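Next come two complexes, and both contain chain A; in the first it sits with chain B, in the second with chain C.
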Partner chain A sequence: MSDWVEACGADDIDEEDVMRFDHDGRTFAIYRSPDDEYFATDGLCTHEKVHLADGLVMDDIIECPKHNGRFNYKTGAARGAPVCVNLRTYPVKLDAGKVLIQIG
Partner chain B sequence: MEATLSAMPSRRDYSLLGRDAKRAVETGLAAAEWYHTDVPRKQMKELMQRSDGPAIRDTIIWLSALVLSGAGGAWFWGTWWCVPFFFVYGVLYGSSTDSRWHECGHGTAFRTQWMNDAVYQIACFMIMRNPVTWRWSHTRHHTDTIIVGRDPEIAVMRPPDLLRVVLNFFGIVDAWHAMTDMVRNAAGNISPAEKTFIPEQEQPKAIRIARIWIAIYAATIALAIYSGSFLPLMLVGLPRLYGAWHHVMTGLLQHGGLAENVIDHRLNSRTVHMNPISRFIYWNMNYHVEHHMFPMVPYHALPRLHELIKHDLPAPTPSILAGYREMVPAFLRQLRNEDYFLKRELPPTAKPYREEFHNDNDAVAAAAE
Partner chain C sequence: MAKGMLIIGAGECGGRAALALRDLGYDGPVTLVGDEPHLPYERPPLSKDAMAGDAPVIKAIASDEILAERSIRHIRSVQAVAIDRAAHGVRLSDGSILPYDKLLLATGSLPRRLPMPGLGPRCVYLRTFNDALAIRAHLSAGNRIAIVGGGFIGLELAAAARRLGAVVTVIEAQPRILMRGVPAEIAKIIHQAHEAEGVKILCGDAIAAIADDGAQVRIALAGGQDIVADLAVIGIGAVPVTGLAAEAGLTIDNGIAVDAELRTSDPDIFAAGDCCSFPLAVYGGRRVRLEAWRNAQEQGALAASNMLGAGEAHAAVPWFWSDQYGLTLQISGLSDEGSKVVRRDLDDGAFILFHLAQDGRLVAASGIGPGNSVARDIRLAEMLIAKRAKPAPEALGSQTIKLKSLLAA
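== the complex of A and B ==
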């Protein structure tokens, strides 16, 4: 059974930026793309468990703040060393100005 | 957790597979959470922004100067007039590539990734660092900076081997190791130490690049023999020796004489004010505390980052000469007492070191001996 969980307000995240969201002992990263779309992934880099919310969003890429490893945050695909393992992604929807993510 | 500066009863074991490597993992020093100065997200985002402009400009200047000085050296080959040209060429080949390799390896120099990759490959060849091996060793260097047994890039281990340090100003030890590693990798051999930080799927790439490089050096040597002249080797290979001095001079200052086994870059890294030419060659890596604390910030933004967080950092060392005036005596003292180190003093505006991690009573006592 999957639940939609309110993560933040839509305006809480700047365009082309990322925000941390903690829920039920887990941590997620919520993204707002340059095209004003929203996405969600696991919050920690698969390389060394650093919070991606401190990283840099460039187009559809999130770069880890520790070692500059890169992921496509829309698909979760690892896109540059030193990351080799993909990120898990989560469905996102907007509802009444809020960002909701579906946590499996 | 016992992450301290304590004087240790026995010699350090810098091997990546040795006693101190195991101890670092057991005590939580490996892959630890490091201190960061608080910087508002908005300002950090501005500092992290990527741009192609500064690195394209600097790369055009660098490559143009490289070609012109190399051409001048070749033109005047056989006369004393070639010396100043090769002096410049050597530094651009054997020292500028240290910072180009580094910045492009982080992926921060250019916004466009293929530009980072292209300059990275060229610089790695010139500085004789396998682009696969060193990408991963540098990742470890940032995870476990100057943690004994974990960091594969500790330039001066204690007690310091000063003969090795001096020889490396001419690239002698490093280039020898680089060549033997290249031959070993080309033979398909990845060492046990390399296997600790290079993922298995990346290891064939390290072998492939080593074979390509051997082919290039073999062609250069063949050309030198065919032409009966050292000139081809003066342009490819040897500049790693006669031009190494600048990158060794600046590189030793990064961590030399400072603390080991701490998780605060303010204690184990050094920011040094330098002249504009050295900063161009070094691509602003003189802001080394800032770089380690925030490796996402491109080299051209490091001076701005420095201004923003300097209230929380030790005072920068005012010059290269001042750096050597404090570092060399520390090295000499470490010959007698390897637990001695230079402790960076923080300004009153800084957040204090976390004494639970950096309780240095024993080390201070050792330093006072």
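== the complex of A and C ==
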């Protein structure tokens, strides 16, 4: 269960921004919030499988670049049409300047 | 007892409005009436992804289970034939009469018909899922497809047809493709992409005659060329469906005329989506009609809210996208409001054109590039447009200055 994977360096992502991370055939999105915390979710929008890392982060919301579906990236909760299925989230920790995510 | 909320038109707009009424806590009757046999579904894929596979599949906005769970009555395959405004009722083609407290007209638009003789069974239009099924059956390797009209539907379909190996010719009467709403610099990229993929594009030539013998179509151009095709798909724009509203005496002005709250000239009747014209606040109340998926979705939700008395004015900035091959185009705002253009280059050949008004205000942004490379900046531009910002042209043009930083200014 404790399969922590190094996703990126903590400085690789700007505050209030997002980055794509691919691992073992899966794709994730790693976020750095405006208050400098890190989060991780599945990388693809639940509406049409678009990479969320191309989208815009505003406060605790990630907006899909294609159809503006919104999710709270801290909880994965869908926040508006056209999305209705929540996003899966993953535990994140920082270690020696690296962002690690726990892929269950 | 409440007569409830009645929605005529079960597309993106009507479907979203029905769901929004429940999201907002309305617990009276909600009835959604559509003239198609399907669940409410998304139309954008019909000219894109739906054509890519072996058989188009419906992308439903809500399943039967969701509609049942949310007590939304969905009546299919019927048309609304008359509104009795005094009695607050709508008569349907099956003879029944549905009462309403508030009525939403989300009747959409229909393809503009090519006004000439000679059209037959091999000349088709694309609007519905069933249209898509019929067209898809003709998109096979070597089949000749003529597309009349170099607008979005025609070009997206051309891309899909090429992917399936069809021989595609696009005929556009204007001097270039995408004349309406797309800057020439971006239209040129799309034109080149089609030619690189083997599509033949003929611009600036009018159709002199069409002959359809049921097996093939012969299109004679004024310039002297003859195009012979197994199928002609006509995509020359859309016209709003206003007949029901007009017969009920509602004001029509390039669509069903509504105010900023999407109310028609009858305070108990609203209209939203492709069928209505409305004042666009961000451009000083300029009256527009939009044929766009996001507008349909947003106005459906806004109409629902105002049917419940919210009194909320429309404030969104128009937004539109198109996918062709690996390219995505996104436009926010109306570029014809601009008089000056600033270009910002992004990675991988992607770029954005910012359209500024005389007074320096950002009024639109048009971007094109591979995948979703322009999405984030177009979204930020949309927020700048909504704020009526006057960003420095040098900052807009500089790749090293983040657009997000301009938003805070």
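The definition used in the following text is that the second predicted complex is superposed on the first by the 103 of 104 C-alpha atoms of A that agree within 3 Å, B and C clash if a C-alpha of one lies under 4 Å from a C-alpha of the other, contacts with A are read in each partner's own complex, and residues count from 1 in each chain.
Please note the rule applied: contacts are C-beta pairs under 8 Å (C-beta built on N, C-alpha and C of every residue); 3 or more make two chains touch, one makes a residue touch a chain.
Remember, predicted model here, so these are calculated numbers, not experimental data.
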Clash or fit, chain B versus chain C on superposed chain A: clash
Which superposed partner A:Pro34 touches (first chain B, second chain C, both, neither): neither
Touching partner for A:Gly55 - first (chain B), second (chain C), both, neither: both
First, second, both or neither for A:Glu63, with chain B first and chain C second: both
Shared chain A surface residues [contacts with chain B and with chain C]: 54-56, 63, 65-68, 81-82
Residues of chain A defined as touching chain B within the complex: 17, 48, 54-56, 58, 63, 65-68, 70, 80-82, 84
Of all residues in chain C, those that touch chain A in their complex: 16, 19, 42, 61, 293-294, 297, 301, 319, 321, 371-373, 375-376, 379-380, 404
Interface residues, chain A side, partner chain C - complex: 16, 50-51, 54-56, 63, 65-68, 81-82
Contact set on chain B toward chain A in their complex: 31, 44-45, 48-50, 106-108, 111, 113, 135-136, 139, 142-143, 199, 201-202, 294-296
